[in-house]
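Presented below is the structure to which this report refers.
We just call them A, B, C and D in the order they show up, numbering each chain from 1.
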Amino acid sequence: MHILVCGGTGCHASSSNLLLENLKEQVDENELSGEVQVIATGCFGFCEKGPIVKMVPDNTFYTQVKPADATEIIQEHAIKGRQVTRLLYKDPVNKETISDSRKMGFYKKQIRIALRNCGLINPENIDEYIAADGYIALGTVLSGMTAEQATKVMIDSGLRGRGGGGFPTGIKWDIARKVEADQKYVVCNADEGDPGAFMDRSILEGDPHSVIEAMIINGYCIGADHGLVYIRAEYPLAIERLKIALNQAREYGLLGKDILGSGFNFEIEIRYGAGAFVCGEETALIHSMEGHRGEPTFKPPFPAQSGYLGKPTNVNNVETFANIPVIFNKGAEWFASIGTEKSKGTKVFALAGKINNVGLIEVPMGTTLREVIFEIGGGIKDGKKFKAVQTGGPSGGCLTEKHLDTPIDFDNLLASGSMMGSGGMIVMDEDDCMVSVARFYLDFTVEESCGKCTPCRVGNKRLYEILDTISKGKGTHKDLDKLRNLGDVIKDTSLCGLGQTSPNPVLSTMDNFWDEYIAHIEDHRCPAGQCKELIHYTVVEENCVGCTACARNCPVNCIAGERKEIHFIDQSICIKCGACLEKCKFNAISVS
Amino acid sequence: MSAIKIRLKENDLQQLKDVCRSFNNQEGELINVLHKAQGIFGYLPAEVQEVIARELEVSVARVYGVVTFYSFFTMVPRGRFPISVCTGTACYVRGAEKVLDEFKRLIKVPVGETTPDGKFSIAGLRCVGACGLAPVVLVGDKTYGRVAPDGVKKILKEYDDK
Amino acid sequence: MKKVKSLADLKKMKEQFQSNINLREKSEHPEGLVQVKVAMATCGIASGAKDVMDFMITNLEKRNIDAIVTQTGCMGYCYAEPTIEIRLPGQDPVVYGYVDVKKADEIIEKHIRQGELVDGIIPINYETI
Amino acid sequence: MGKLKVKIDNKLIEVEQGTTILEAAKKLSVEIPTLCYMNLGDMNIEHKPGGCRICVVEVEGRRNLAPSCATDCHDGMEVKTHSIRVLNARRTVLELMLSDHPFDCLICAKSGNCDLQSTAIKLGIREIQYQGEKSTYKPDLSPAILRDMDKCIMCRRCEKMCNEVQTVGVLSGIYRGFEAVVAPAFERDLDHSECTYCGQCVAVCPTAALTEVDHTNQVLRALADPSKTVVVQTAPAVRAALGEEFGMEPGTLVTGKMVAALRQLEFDYVFDTDFAADLTIMEEGAEILGRLNRHLSGDKSVKLPILTSCCPGWVSFFEHHFTDLLDVPSTARSPQQMFGAIAKTYFADKIQKNRKDIVVVSIMPCVAKKYECTREEFSVDGNPDVDFSISTRELANLIKRANIDFNKLPDEEFDAPMGESTGAGVIFGTTGGVIEAATRSAYEMHTGKTLEKVDFDQLRGWEGIRQATVDFDGFQLKIGIAHGLGNARKLLDDVRSGKSEFHAIEIMACPGGCIGGGGQPLHHGNSAILKARQKAIYREDANKPLRKSHENPSIIKLYEEFLGKPLGEKAHKLLHTKYFRRGNIICIEPDVREAESI
C-alpha cells in the first residue's frame, strides 16, 4: 500500500510536512514498513482542501488532514482496511462523501480535448497519432461527406475561434466556402504573440498532426488545396516537429494528391513570423506571409473574400484547429454539450504568475476563475493574497476577487472588461502594483503597435507616458481623466484589434483598483511597494543584528555598517533592487 | 545623385544569391529569405539587403521597411553570447525587469546593444513559453530558469574565460 | 513506406497500431515491458528533460531493464518540469515532476525495479477524452 | 444592383452598392474631414489606408466608430457624422497627431496650405491636452526635395505615389509604432537613393514633411545684384495653375498677368520656356524622322521606338531602372536646358554679356527641374546653363512678398526673341502634348504637305497609357503615351522585351503631365483641378496664331543666325545630351563587406 501525501506549496503551508513525518513514524511503530510506503507528492491542485492524503491502490481521498490524524489513518485504514469517513471529501453540492477520488467532480474540472494527445503520444511518430484515432476524422469527411455537410458539422458544434476574437469557426468556413474563386487558401495562425500564452506552441510540439488533419478538412470544406502555417520563428522545436509531421503525412499519402483515394489534393507549406505581435491579426498576418510589413488593413474585405494573394482565405489558430478532428469523431452534439450556452467546448489556459501550479490547463467553458486558480492552479504562491488575474494578455484586463465566481466564457470575460484572448492567465498577488502592471502592458503595446493608425501609434504612447508619470508619483487627477478619455477613444477609433483592445489593461485596472491610482496621485505612495520612484528601503534599527547579509548582497554597495552593528542604507546610491529585503532574515529591512 | 558602392565578398554574394534562388526569387518569400540570410551572417547589414532586393526584384526600401518592422531581424551584429531576458508577463510579475536591469548594469550596455568587445549583447524577449521557470534568461541556447537579480553575476561568471 | 489509400486502410492501420500498444502493455513477461515517457516540449527541455531522457535510455539498457523510452509533448505541469511518466505493465501510469538525473536514478532503482513509489509524484488532475 | 437607402445626419439618400459613407455624405454636402484619404479618381489613384482615423463616424448598431472613407454603405444604414462621441473622438485623434508634431506653424513652409492645420482649424482645436515625447528624425536636404519627417503624420500618401503610382520604390514605411516613419532605405538621404525627384510625394503631402527646396532667396539676391542680368523663363503649365494661388478658379489662364508680375519683380528679360519647347520639337522631330527614315530604309540597328526626353523625372527614372536602354530615348535636352544653353550663348552674344553675368531663372511646375539644372553636363566651367529653378508655388510666394496685387495686374507680353512661341510649345504642359506638337511638325516635314487639322484628339485624354496611329500620308505612325512613371514602366518593359510596336513614345513622369507636377499649386486630392488646367492649356494653344513649332519665326531665325540646322554640330553641342547609368553598384571585394559612399 502507498500513502501519498501532498507536498505542494499550499499543503506544505498547512503543515503537511508534519503530517508526513507522523505517518512515517506510525508506519515504523506498527512495523508496517514492509507493506506500507509513505510518499510525498507534488501538488494535487486542490489546495483549498489541503493537506491531501491519497491511499493507493484503493484511491481513497482524504482532505484537510491534520498531523494528528496520522494515527487514525494508519490504525484504521492501513491496518484494518476501514476508511476514515470523517476525513473523506464531501461533495459541495449534494454533501455526499466520496471515497474514490476518481469519482470526484474535481477530476472532471479539466477535460483535455485540444491537448488530448499532448503528453500521451510521441509527436514525432505518426503511427501513435493514428492509433489515437488520428486522421479518422479526415477519412470520414473525405469518404462520406460533402463540403457543405462537413461545414454544417462545424457550425453545429458551436466552436468559436480560440485566437482571441471568438468568431464562430463554422460560419467563417461557410463564408469562405460560398465565395467563388479559382484558388483559395487555408492558413493556420501559429504566431502566438501574447506574452504569457504558450498553448499553441505546446500543441504543435505535442500533437502537430491534429493541426495538419484539421487544416486538410478545412481545405476540403472551403475548396482550397493549399495551406500555410504562419509560425513564430522563435519556436524552433515546434517548427521541427511540424516539419517532421508534414513529411510523415506526405509519406502516408495523407497530404498531397488524391488523399485517401478521394481525389482531393492538399499541400501545406510553412511561413515564418519574425517577431511582431500585430501579425496575430489576420490581415497583418496575410501581409506578412506575402513578404510585406505586417500592417493590418481595414475589414471588409475580409480574408474570406480577399486574403492571401488576393484570394479567399480562411485563417484559424492552432488551438481552434486542434479541436476539429475530435468534433468529427465524436459529433457536433457531443462537442456542443460541453461548455456554456454561447461558448462551446473547452479552452486551454496558460496559467502563470504568482500561482503554485504554473502550467497548461484545459477546462470546459463555464469553469469559474476560482476553480482554475485555487483548485487547478493550487492557489497563490507563498501563501500570499490573491489580488488580480489578468486574462487575454495585452488585450485583456485585470479581474479581481469579485469576478472569481464568474463562469469563464467569451461573453462573460468581455462583459467583465477583459477578454478571452488567446488564453494567457497571469495571476497577481498583493505585491503587484496595478499601475505598474498597466504600464507594463502599455509598454508592450507601444512596442508592438504597427504605427499605421494614429490612435494606436500616438495614443498608446501617451497612455504609457501618463501611466509612467503616475507611477513616479507625479500624476494628477487630470491625468486620470485623460487616461479614461484616451482609453475610450483608442478603443473606439483604432484600425485593428490590437488598438481596439490595448487600453483594456488601463481601463480595467482603473475600474477595479481606483484606490491604488489615487494612492499614487494623492499620497505619492505605491501600496504594493513596487514603484521604484515611490519606495525607500530602510533599516529597521531595532531588528538589525548586523549580520552583513544585506551589505554583502547589495549590488551597488550602498549599505554600510560593521559586523554586529546597525546597518545604514545610502539612499542616494540605492537602486531599489530589493536584494537587501530578500536577503534579510530578521525583518530588518522595510519598504516605505 | 551619388551612387553608393556596396562591397561584398564574392563568397557571401554567391551564398546570398543561392538563398534567393532556393526560394525561386519570389518576392513573397522575402521574410523567409531574410531569416536564412540572418542565419548565415548573424545580422542583416545594408549590403545584404541590397543584394536580396536585387535578387527578388523588390525595392531596397521595402526590404529595409520589412527588416525594421520585425523585431527578430537585426542590422547590428549580436554578441558572441547574446543574452535574452524574457519579458513576458509571467516573467515580468516574477521580477524579470530587475534581472534585466542587473544585466544592463553589469555589462554596461543598454538593451539592443553589444559590448565593445563583442562578447555580450542584451535584448528583451517576448515569452519563450517556459513560464514555469519564470523569470527566464537565455544566453545563446542555454536557458536559465528562476533567475533572481543576485544570480546574474553568477551567470556572467560562467562566461569569464570564453 | 506504403501510402494509406482509403479510410478502410486507415482504420486497419489504427487497429494494428493500437494492438501493438496493447501487446506492449499486457505483456506476459514477468519483468514486463516498462514504458517511460519524457515530456519534451520547450519548457521541459529548458529544464533539462533531454539529460533525463538520455540518462533513462542508457541506464535502463545498462541495468538490463526491458523498457521503452519515448518522448511526448507537454503534460501541462510546467511548474514541475522536467516531468516523466512511468507505466509498469498492467498498472496505472505515474507521473513524476522535478526529475533530475539523481531522481531518475531513484525512479529506476525503486519504482521500476521494485514497484515502490518514490517522492515527487504529480497527481494527474485531468480527464482526457 | 439595387440602390441602398442610407441616412446620414438625418438626411436620406439613395446610393449605389459600393459607395462609401464619405462619398454618400459628400453627395449630401456633408463634408467629413479627412487626412490620409486621397482620391484622384480621374487617374485611378485611390488611397484609403484608413490610418489617420479623422474621418470616423458613428454607425447605428456598430460597436466602434467607422472610418467613413473605407466603410461601404449598406441598406438602412444610419450614420451620425457629428455626434458628441464622434466629435470627441475626432478631436482626441487630432490632438494626438498634433502632440507629435512641431508647433512651428507660424514659420512653416506649408502654413496656410497645410491639411493638418486646416483640419485643426475646422475642428476648433485650442488646446493639446496630450503632450509627450515627440518623434524626431534627421532632416534630409537633397537638391530638390526637403524631407522633414518630424512633420510626418503617417498618411502614407507619398509612399502610395512613390511605390504604386510611380513605381520608383524609394520610400517605405520603416520601423513600427511610435517610431514608424516613411523613409528611403537605410534612412539615407534622397540624394543617395533612386529618387527621380518627380515630386509627386511633395504634391500629395498634407503637411510640410515633404516640400521643395526653396530657392526664392537666391533668386531675390540675383535680382538685387546690379552686375547680373536676370533672365526668366516660364514653363507652359505654370500659366494654367498660378492663378489658383491667388484665389482664381482652377483653369484660369494668367499668362499676361504672370509676365506683368515677373516684370514687376524686376527680371531683366521675361521669356517663355514655350520658345524652347518649339526648339525641342525642331531637334526631337528631326531625330524622330531620322530614325524613322533609317528604319524605313531597312536599317536594323536603329533604335525604335524613340522616347521623348523633356521630363527630368523620367530621365532619372530610366537612368536608374532601365540602364540597358540608355540609347533608346531621344538625346534632345529638355526645354528648360535648351533655353539655358541658348540664353547663355546666342542671347548673351545678342546683349553682349558674358555668360557669367547672366542668371537664368526658370519657373517650373516641377521639382525635378531643380535637380536637372544641377546636373554637371548642363554647365560650362562650373557655370550652370540654368542657375535657379523655382516652382509655381515659389513664384506665387515671390509675387506676394513683392506686394503685387496679382489679380489686378494688366496683361503683358513676353519679351523678344525668346518669348515667342507657338501653340505646339504650350501643350508641352500636358500629357500627350509633346508628342502632338512633334506630330504636327514631323507630319509636315515627312510628307511635305500642310497639316490642315492640327488638333490630334486621339492623342489627348486621361488614361494612363494611350496609343494612337497617325496616318503620315500612307505611313502609319504608331504612337504610345504614358503619364505617371508606373505606366511608363509598363511601356518600357515592352520595349525591353521587344514587344513594343510603337515608333514613338511620349512619357511624362507626373500624372497628367506637367500640369500635375510636383511644383504646382497643391490639388489637395482634387483631380478636377488637373482637368481644368489641361483644358486651359489646350485653350491657350487654340488661341495662338501659330500652332506648329517649325513656324515660330524666332526659332527659324535662331537656326539661321546661330544654330545652322537641327541636329547640326552646334545644335548637337548645345541642345543634346547623353545619359548615365545610375544607382548603387555591387562590387566584389576580397575582404571587405560594407557600404561606402562614393
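General observations
One rule holds for everything that comes next: a contact is a pair of C-beta atoms (placed from the backbone, for glycine too) under 8 Å apart; a residue touches a chain by one contact, two chains touch by 3 or more.
Nothing here was measured: the structure is a model prediction, and the numbers come from that model.
The chain pair A-C and the chain pair B-C differ in C-beta contact count, and the higher one is A-C. Among the chains, the centre nearest to the mean of all shown protein C-alpha atoms is found for B.
Centre-to-centre, using mean CA coordinates, subunit A is 26 Å away from subunit C. For the pair subunit C and subunit D, the distance between C-alpha centroids works out to 73 Å. The mean-CA centres of subunit B and subunit C are about 37 angstrom from one another, to the nearest whole unit. Taking each chain's centre as the average of its CA atoms, subunit A and subunit B sit 27 Å apart.
Each of residues 42-43, 77-80 in subunit C touches at least two other chains.
Within subunit D, the positions touching two or more other chains are listed as 172-173, 175-176. Shown for subunit A are the residues in touch with two or more other chains, namely 198, 201-202, 235, 276, 293, 352, 358-359, 447, 450. Here the touching chains pair up as A-B, A-C, A-D, B-C, B-D.
Every residue of subunit B that touches subunit D in the complex is listed here, in rising order: 1-10, 12-13, 45-47, 49-51, 53-54, 58-65, 68-69. On the subunit D side of its complex with subunit A, the touching residues are 48-54, 56, 64-65, 67, 70-72, 85, 88-89, 92-93, 96-97, 99-100, 129-130, 132-133, 153-154, 156, 172-173, 175-180. Within the complex formed with subunit A, the subunit B residues making contact are 26-32, 34-35, 56, 58, 62, 65-66, 69-73, 87-90, 92-94, 98, 101-102, 105, 125-129, 131-132, 134, 148-150, 153. Listed in rising order, the residues of subunit B touching subunit C in the complex are 128-133, 136, 143, 145. In the complex of the two chains, the subunit A residues touching subunit D come out as 276, 278, 293, 295, 297-298, 300, 446-455, 457-462, 465, 482, 485-486, 489, 491-495, 500.
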